[in-house]
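Same chain, two partners: chain A is paired with chain B first, then with chain C.
Right after this comes the complex of A and B.
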């Protein structure tokens, strides 16, 4: 012990090393604890939804509510599955509209953002601001006039029409994000592509798009989630049950007599509706984070 | 051809002709769309299923969230993209008729003998300036439901429900005295629609006039308004009503009763079937909503009317459906068989309800019920800050009964003037 103490005392760094390591260890523990707490906080409502969805319908509606199911039941899922025209129809409609929204957003936003970022368009800053105005007008104010217009040209009550509406809402943000992504690419790469004989479209396709992949994935994610969750437009634009999307079905299936809420069916619907969002987010997560940052900071 | 006999050729020709006729007949069948609010979707689905099984023209149901029906119909009429039929909360009928949203059905219904047997409340609500714009479809009516087991435990006779407000207050106190989180009475304290359905009949059954059609009509006047509010205030201060009732926007309208620790509440007759299915252990009774004096009974005749929106592309078939749904077959096999009240009063006591006297009590309440014929019902009653719900909250939870009534009168007068 003595020799160890002497040895430790004579080396100036030896006494500090364990302290710093210990502090780092403590810091890691604290950070981990905070992270676990935050994760638990975020997961708690999802977990409670899952628990409520597997209660019997009667227990799910009980007031005051029970925390843990007294008996397990899939009746709530059966109710959601069989509701009106059936869950597969609502799922198909939501997926089709979300897919079309993504396609329309990319087809329109990529060239627009590319042009605004890399070409000397006269008054492009003003154009960009005008484009962003769409973000500033409340969606509720746009829906009815758009519906009247779409009805006249035969686009109401169609999945394509609804996807166009979602695209209109999502487009300003998509252009904003992609423009910043395009601007972040060094000029030298573009010049090299031109030197090698690429025209503008070839430069976009072969050089720029691979570099803004993260930004594109971010646009895809946002377009998907926005379209998947959108309620008001789908309600106004669609007139047939067979064209309704998941959010409308969710509101309807939860409604009991005199406005009482069928909590079991609602939570089963929530669990089903959230799965595609989680799946697409997990699949594209690594692109999403870098894409959002590269788009947010010029 | 020489290998085919004349008879065979004739068969082929005949078969082809029949197939062509059947094909053209199938092509002639129309597909109609019925818009219905989500809380009434079951009844509409039963009725359309029955129609579809016996008719060539088919009707599909499109379900709209309850609180979006007005928006949906209004935008549809504006754009010309309307459903062929629409069923909605009867209380919106005056506004829709005045706005010109609905087809005039006067000739159709006046020539239909079944229309005369429809509950009077539906006929009243669907009339505007001497014309008829709709008729009853899937009714509901408010009644008092009570837990017979708690009545027994509190020393009350489970076969003798309260007949006056004073008895409600007395019974509620006795049941609440059982303790162990048991309460005597429940109402959703932040839900205007729930309480016009379950509290207002106690007032108008006692003689009060509640909602004005125009600014000069009596508003919240007559015996019953102050008395009902006082009864509820007394039950609140005595602890007979659960504290959670104050903030309930209707989400737990029936849930507390289903827990088995609540004595009484106003509810709709439609709950009978769902209680029997989901909570067979509950021993419950049904009674008319009482008023100040014994015999002051009434109810709110709610539910849905059916009408044809202006611009319907299949108005003729829609009219056929409207008259068909009033026939004995549709009323009994589409509604009563599925334990939904018929809209025709003469069918209240039917073969399907015989085994369950509680249905008959409920169906008969349609005959004694009322429904307010007013414009701007949503502003007066249903909205979150309506004068109706504000009056209830101020009177019952804060105790300022006279002030609450007076403020509500002023506000309703303003709304009726619009």
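Right after this comes the complex of A and C.
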């Protein structure tokens, strides 16, 4: 990451690894080696998936498997593209649910966190703890009652309904994270906004939100990843093929038609499923900067 | 009615009363300093004037209007925070024009006003920078600019210079004084630094634990401190306090026997007729004690020099006497050295006597 915060101006040392007098040089090499090893460990399966996806379908299914593809082929991708109602539909469903989850999370978590962080809400500490308790209840325990509830009000088998389920799962964490972000803003900034004539909403919109950008981005990322990868809820709530999301589709691809697992198509699906996650990381990466508040006080 | 008036204002946080009934008036165009040690309630008082803190009881008036329950933005005041509180995501230009923008003022007008303020504060070259790209002094000027742009009736400053280093502080002090001269707007300035208060303000309100200890011009506070607290707080190095026993009163002249050795006759301010002999306290500023030969007739005390500080423009002596350690400051370079035994002559016309209740007599 080369893009540093604007705070760099006041901290000439920022951006360089701090050199502490007496620190042994080789310590840093060891740390680097450990990091590289971990990265390699994480990337290996992804890399193998990528390789498998560009083999011919026959080679992809070969046992024992080959490491490097003997011949390159995009057949697996074409197969996934045309799978059942077609990849575009599944992609759209997944993206729509993820997008709605993000929107619901932000619309609910931002005001809730703002209120809990900056207003004298009576009993807000208890409220907050109750909210966090949601994190401790296993999701699997909630799915069945939620399904019964949602079918009653006609929200099962709908993208909005699934997005709501994902929102329910993601909300406690979002509020928790955003509340901490809001609390980190110095009181004087709020008071400056108040004396400058802002009401609570204007303070939120014009002063606070830009300052919790990093928190918002984190919430968006986590909501996206969680929703994008979520399987159990989607499996239970979606019974129509045209409503399936990518994870459901992948499982179906894997199962194949005749009991044999179509590894090549599966890996192609995995690669396609990973791409949006990488894209959103890269896209939002620059907002992960530290020092949003630098220059505010002192 | 004065420009800013505070009537019997009290403030409690829970069961702790931090402002214990304060009456204060500031004339239009006046530079008034609220001076006191840390924790005495200066910021709380200022924040109540600003409307950022509700009063527990009492009234606040700005420009003749009762603003006790008015929103901060509608009080015609502007506040400069100790921490500057600049909006870090906005440029200097946006920071300054923010209040105009929120108020929905036309863009060209706001832009023009912002430029004007930037010119006054020499910020024109920095208008497109973010606060993080500014030095401490520049940030302070942006904070002032943000207040200035609103053309308030009253400026409120809460220790605006305390985050700056010593040299910049002196420079900004000068710039603030000039700004006040230029604008002639009412300013209320909170500080714990008596030099800042003395140099900037024409009226100083000394606060002590939530009450007003004394109100006066800088020289009134220096020359006629109403009590031991003010006497000790104003002036640097600090005033010397000596225990003494009152012997005789002749007219306004009180003769005191000093603990240890020596005696001194001090001209009291009045009300000494029914003073009974007993323990009193004498206050004498370092600059009002003169070294002399120990045997001289004018010597009230004598003692041994513990330390000599040569400051160039003055010399400070720490003298150990029978009445405790005295600090003596002279503007001339003395040839006295550590270990010398010297006499000390007190300028009796500038000394103060404090009674058992710590009030000046």
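As a convention for this text, the second predicted complex is superposed on the first by the 243 of 298 C-alpha atoms of A that agree within 3 Å, B and C clash if a C-alpha of one lies under 4 Å from a C-alpha of the other, contacts with A are read in each partner's own complex, and residues count from 1 in each chain.
One rule holds in what follows: a contact is a pair of C-beta atoms (placed from the backbone, for glycine too) under 8 Å apart; a residue touches a chain by one contact, two chains touch by 3 or more.
Because the structure is predicted, anything quoted here is derived from the model rather than measured.
Asks: Going by the contact rule set out at the top, does A:202 touch chain B (first), chain C (second), both, or neither?
Replies: After superposition on chain A, A:202 lies in contact with chain C alone.
Asks: Quick one: is A:240 in contact with chain B, with chain C, with both, or with neither? Answer first, second, both or neither.
Replies: Once the two structures are laid over each other on A, A:240 reaches chain B alone.
Asks: After superposition on the shared chain, which partner residues are touched by A:227: those of chain B (first), chain C (second), both, or neither?
Replies: In the superposition, A:227 touches no partner, neither chain B nor chain C.
Asks: For A:94, using the defined touch cut-off, is the partner it touches chain B, chain C, both, or neither? Pick first, second, both or neither.
Replies: Neither partner.
Asks: Please work out whether A:180 is in contact with chain B alone, chain C alone, both, or neither, and reply first, second, both or neither.
Replies: neither
Asks: After superposition on the shared chain, which partner residues are touched by A:211: those of chain B (first), chain C (second), both, or neither?
Replies: After superposition on chain A, A:211 lies in contact with chain C alone.
Asks: If you look only at chain C, which of its residues touch chain A in the complex?
Replies: Listed in rising order, the residues of chain C that touch chain A are 50-52, 71-73, 77-79, 81-89, 98-99, 102-103, 130-134, 136, 139, 146, 150, 163.
Asks: Taking the touch rule as given, give the residues of chain A at its contact with chain C in the complex, in rising order.
Replies: Within the complex, chain A touches chain C at residues 5-7, 9-10, 186, 188-189, 191-198, 202, 206-207, 210-211, 291-298.
Asks: Name, in rising order, each residue of chain A that touches chain B in their complex.
Replies: 57-58, 61-64, 84, 144, 147-148, 151-152, 156-157, 235-236, 239-242, 244, 248, 251-253, 255-261
Asks: So in the complex, which bits of chain B are touching chain A?
Replies: Chain B reaches chain A through residues 33, 35, 38-39, 41, 45, 60-66, 68, 71-72, 75-76, 78-81, 83, 140, 191, 193-194, 197, 244, 250-256, 258-259, 267-268, 270-271, 274, 278-279.
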